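Shared between the two complexes below is subunit A, which pairs with subunit B and subunit C, respectively.
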Partner chain A sequence: MVLDIERDQRRFKQIVRGRIRENLRKYITHGEMIGRRGKDAVSIPLPQLDIPRFRFGKNGSGGVGQGDGEVGDPVGKPGDDPAGSGGAGSEPGSGHLIEVEVNLDELAEMLGDELELPHVEPKGTASISAEKAKYNSVRQTGPESLRHFKRTYLNALRRQISTGNYLPDDPRVVPIKSDKQYRSWNDVPRPEVNAVVIYLMDVSGSMTDDQKQIVRTEAFWIDAWLGKQYKGIEKRYIIHDAVAKEVDEHTFYHTRESGGTRISSAYKVCAQLIDSTFPVSDWNIYCFQFSDGDNWGDDNRQAFELLNEKLLPAANLFCYGQVESPYGSGDFIEALRKQFGENDKLALSEIADKEGIYDSIKLFLGKGK
Partner chain B sequence: MKLRDEFLRELQAIVGQTNRRVTVADGPRILRCEVDQGTALAAAVYEFILESKELAQVDTAILQQSSQSLCNRVNYLLEPISPIETDIDGCVVQMRSNPPQQNESGKYYYELFLRRGGSIALYRYEKQPGAIRSRVPVTLTHEVLGRLCEDFNATIEEILAS
Partner chain C sequence: MAAVEPGKLTPELAAIQVEIEGYARGYGLDFFPTIFELIDADQLNEIAARGGFPTRYPHWRFGMEYEQLSKGYHYGLQKIYEMVINNNPCYAYLMRSNGLIDQKMVMAHVYGHCDFFKNNQWFAHTNRKMMDDVANHGTRIRRIMDVVGVEDVENYIDACLSLEDLIDVHSPFIKRRKVADRFDFSAERQPPGSRSQRFDAKSYMQPFINPVDKLRAQQDRLKEEDESRPFPENPERDVLLFLLEHAPLKTWQADILAIIRDEAYYFAPQAQTKIMNEGWASYWHSTIMINQGLTAADVVNYCDHHSGTMASAPTQLNPYKVGIELFRNIEDRWNRGAFGREYDDCDDHDRRKNWNTHAGLGREKIFEVRRIHNDLTFIDEFLTLDFVREHKLFRFGYNPTSEAYEIESREFPRVKQQLLESLTNRGRPIIAVVDGNYKNRGELFLQHQYSGVELQLEQARDTLENLHRLWNRPVHIATVLEDEEAVISFDGSEHQLQSADPADDSEDAA
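Let's turn to the complex of A and B:
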């Protein structure tokens, strides 16, 4: 009998996907899978998947027509047995976890389904060219793994016929070195719609590690979703207290400063970055800013000017997430609401704790921009 | 101490009254206190500020140093205080309850500012779940208010001596 292993594999994948979907909210709000991220896949711990199977008893250990009792005695009903000693355990079960690798695109798809996210509509046309290898030519040298069998044997056949070595009664075609043909590639410029995600985070003294973890978890899902929507996505990171600078991803999540909070400093660096590196006509620009909203002094005015004149016109979407600190939440988000309430490019979200990540992602990415 | 004594006299004068501003001065130092409600033993105050032009030219590094000693001095409030942020441009040090008080009804904390210019100010904030953070009156006994006045004054002396 031939076992259809592919069918079983598909079925297994379906079960795994089902389990992940059931617990997706938990995975979204808890950042545990971030550390398990590879280049294209993420490893997710799942409770052991039990495969249903028959369990056989031992021969002669009871059953119908065996054991104590006389002919004619009624058979006991289930549950008639006296209760055993001892109660239920108080400790959690020691269920084993299995690690399942899920493709990031697949995960993003689940996220999209769960949150009912619309697909992103890229702005403008695909005007950035990326070199893409395309196997569209043939050469006489190359690795055996790329040998073009059909062309090689055609060449051999042609040679054997022309040299009179082909015998129709014994039609054996044996290629020699000069017959061999190999597939080869050319670099073809292919237009791509490119996108850049710029993360801005307040790392002033009032932002704690817990808040940064929330930002990190949310950024993971944003990356997953936008990465599925755009191929060739770029990510940039800006941190600020009273001054701002562009940093790498690790520094972004692990820096703590004691300076005051001036959000305008981050907006300024972001605007400069867009001007110098990401022309608005060629790039889809997404900005995600996170802060506890405790902006200092009269900085709101300067920040709003930059947002209004530089960032909102350039960005597809500008998202501001106000993460609640141990001191509650500042008033920057309220000021933004008053100033830009109806602006379609601006999404504002208050994230009270980890549980708030789910709704925040839905709000940010639900705009479909 | 003249400033503290005058301030406590003013507090006694507004016992039983609400929404009053108490201002007393001693040379360049002016103590301003917005009193929500005054009683014979205590007062609920929205803000407690000691201003002094003597801090006009002070350096941020000195403010940072003095903010730490101010936090060490003011150790008799509901929560310990520690410096949180320093705004170098504005030359201001922000101090807050660390950790803030947190219970089912919300989060509560003190906020102090030490500014060049200058002043030392104390406020109390409350953040209830689902509500916007708001400034609330802090109820302190006259004795504690007098001690705060002394400690703010001592901090200015320390800055000037640096």
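Let's turn to the complex of A and C:
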């Protein structure tokens, strides 16, 4: 019997990847289509890959069913796919969706190909290694709690059969000391996380949910790309209005304050974070700031000072994305441009709407830092 | 390791097979030798993904099927119990992880299928060495791939599969046209125009008996007739055959198309007899299990699985359920003699219900039914008002206002009508080639025989694109869209949709 389904499966996956690549722009700008699957994988909805045929269309979508119910009773929603004549008619584009699971690394690679992103050059070669215990071997001694049940009994069975103590009619297997096997560990050196991404976001009243969605989508792709470039990355989140604080991811996207805006406060927290936790010599530091560009007039000077003295020297890359809000955009990006001009470590981008995400990512990550 | 052949039954199962086969023969079931293989779930999914065959031509679609099946299995959503191949010998697969009672039931079920394959007339012309042939198809296509390239071949297969429904399921039984003798070249040898009639005559009588001007006139008339003769002469339902004979295909393309067509004809009867086939097999597994196969300890397990197989969802008619109930209904009616004119004319409900002439013809009748019918005729002949009431069948349709499927009717004629419609031509539109030289420009013209349900436009367009890849000239299909006659066309670069207008044709032809 020849079984070579792997080949067909591989081919199918290739085709699926091809489809994703074709539609990548859509997926990039509509990040909400992408579902998370565990740590390293995402699921992407894809129109059913189907072979077109002459088929019955919409007005044939009915059939014969069986069961109780009065005339007029609902029996199912269109998504339930009744197997009547021709099946449910589907509008163009709204065919059956299949969820395809894609490895995050693979997705990042597609992103890189699509946006023609250069590979990141890590700053320095410093990479910390740590020993990690991994349970991947077996030995003769150990605590009972680590006893390898299967191996122990297999040994006992073997011994009993070879000594003739095993009776098939009374299959009793009793391990003795020499049969016992215990799980044991080895120390595996593991390269330690050596990049950190710090997200800063303005949560003052003028940032609406739509803007946050844009930030979220963009952050997803930034994570995916940098995650591929570095073995593991740390992520930190800072929100600010007039004051700033470090928060977790959930809070980052779900907080809404009503206060004014003082960007320098966020810079200050960011600088402190870098000083205290991420020494510049050991870490590749990426800062991504998102705001609608409104800042208290007299705060700009202080902010630039911090940026110039603390953040830019420390970071590999400092990106500022100005998201257009319904209340209009501020002029922080202009001020930055005037102040710093062409700075190699600073990337500035204006994101008008969802469609802007594509170019913004390209701009940020295109620096290859 | 143990020297057990992969796939071989355990001694225990082999003994059960002998037992079940004995019961099946005892009931008069008649089948090809049946070989059971015991395989793991993964292998079963692989084979199922390939339509039941362990080796087939390589194609991504099988990979997709496999992904779906294996995910469904690993998430615990679905599981394949039984798979059997129409072949001589019959091959059937058992899943290793199934319980003993399941295996027993599956075996009984499989013997039902095997009997059906061998005896149902609609399978009479299927290839009984398909297992070998399908493997050979695989080799042929793999070789072509080596020469032409995987991508090209796969794209071409996609195009062929897109058309695979366009076959004439009745053609194995009817000779629609004279079979041309492959070694008869007389038609080619005959010079054009020589068909005209010429009487034997002495040379000096020639000008009188075969006057030259008359002969010429006759020749012209014949030539005209030849040219005006439609091509094909009759609408050709076997579109694949038409393409094979007349499309400008390369040798490898024709080879692949022939393979796809062979397989389409092989699988067609299975689609035509889904309800009967499953009903018949279920009837026998339940008969055999209840009467002989079960021990008291097995009853609960058996019932659990049997009812699982028979479960029906509101919007999905379970062919197992409808099939087995109809067979039982027929058996019961013929046992009671509840058929024929007198019974049909009787309108006293109680009398009909308690009708009994002790005819005892039930078994005989269902064996006859399994020999003659396919789903369409089976339902047409045996679905009765009483049956529809008893089994609560209804017709449902889509209600755009509530965006849901709703029960439309419980009236017998409407339910039956809907069911018959969905079974006609295996639930696919009836399409034929009507003109292979449309507008005298070598364009291909198909006709959809409209029966109240429209074609899905998007799909039809994509299919036309694929058809164009084979035909290489513009292709058209005439159908009805939004209650108006329409022609969907594709000329290689763009799609067109126009309401059919005969005036337009004649103008172009002029």
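Note that the second predicted complex is superposed on the first by the 257 of 369 C-alpha atoms of A that agree within 3 Å, B and C clash if a C-alpha of one lies under 4 Å from a C-alpha of the other, contacts with A are read in each partner's own complex, and residues count from 1 in each chain.
Assume a residue touches a chain if its C-beta (ideal position, glycine included) is under 8 Å from a C-beta of that chain, and two chains touch if they have at least 3 such contacts.
Bear in mind that the values here come from a model prediction, so they are computed numbers and not experimental data.
S.K.: With the two complexes superposed on chain A, say which partner A:P143 touches: subunit B (first), subunit C (second), both, or neither.
M.R.: After superposition on chain A, A:P143 lies in contact with neither partner.
S.K.: Using the touch definition from the top, say if A:R7 reaches subunit B (first), subunit C (second), both or neither.
M.R.: A:R7: touches subunit C, not subunit B.
S.K.: Touching A:G341 in the superposition: subunit B (first), subunit C (second), both, neither?
M.R.: A:G341 sits against neither subunit B nor subunit C.
S.K.: By residue count, which of the two partners contacts subunit A more extensively, subunit B or subunit C?
M.R.: C
S.K.: Quick one: is A:G57 in contact with subunit B, with subunit C, with both, or with neither? Answer first, second, both or neither.
M.R.: Only subunit C is touched by A:G57; subunit B is not.
S.K.: Is A:V71 in contact with subunit B, with subunit C, with both, or with neither (first, second, both, neither)?
M.R.: Second partner only.
S.K.: Would you sort A:S258 into first (subunit B), second (subunit C), both or neither based on which partner it touches?
M.R.: The first partner, subunit B, only.
S.K.: Could you look at A:G164 and tell me whether it touches subunit B, subunit C, both or neither (first, second, both, neither)?
M.R.: neither
S.K.: Would you tell me which residues of subunit A are touching subunit B in their complex?
M.R.: Interface residues on subunit A, with respect to subunit B: 204-206, 241-242, 258-262, 296-297, 326-331, 334, 352.
S.K.: Across the complex, what residues on subunit A touch subunit C?
M.R.: Within the complex, subunit A contacts subunit C at residues 1-5, 7-15, 49, 51-78, 80, 82-86, 88-90, 92, 98.
S.K.: Can you name the residues of subunit B that touch subunit A in the complex?
M.R.: Of all residues in subunit B, those touching subunit A are 83-90, 92, 94, 96, 99-100, 102, 106-107, 109, 125, 127, 129, 132-133.
S.K.: Quick check: in the complex, which residue numbers of subunit C touch subunit A?
M.R.: Listed in rising order, the residues are 6-7, 43, 46, 49-50, 54-55, 58-64, 66-68, 154, 158, 161-166, 312-318, 321-322, 391-399, 402-410, 415, 418-419, 421-422, 427-429, 431, 448, 452-463, 465-466, 477.
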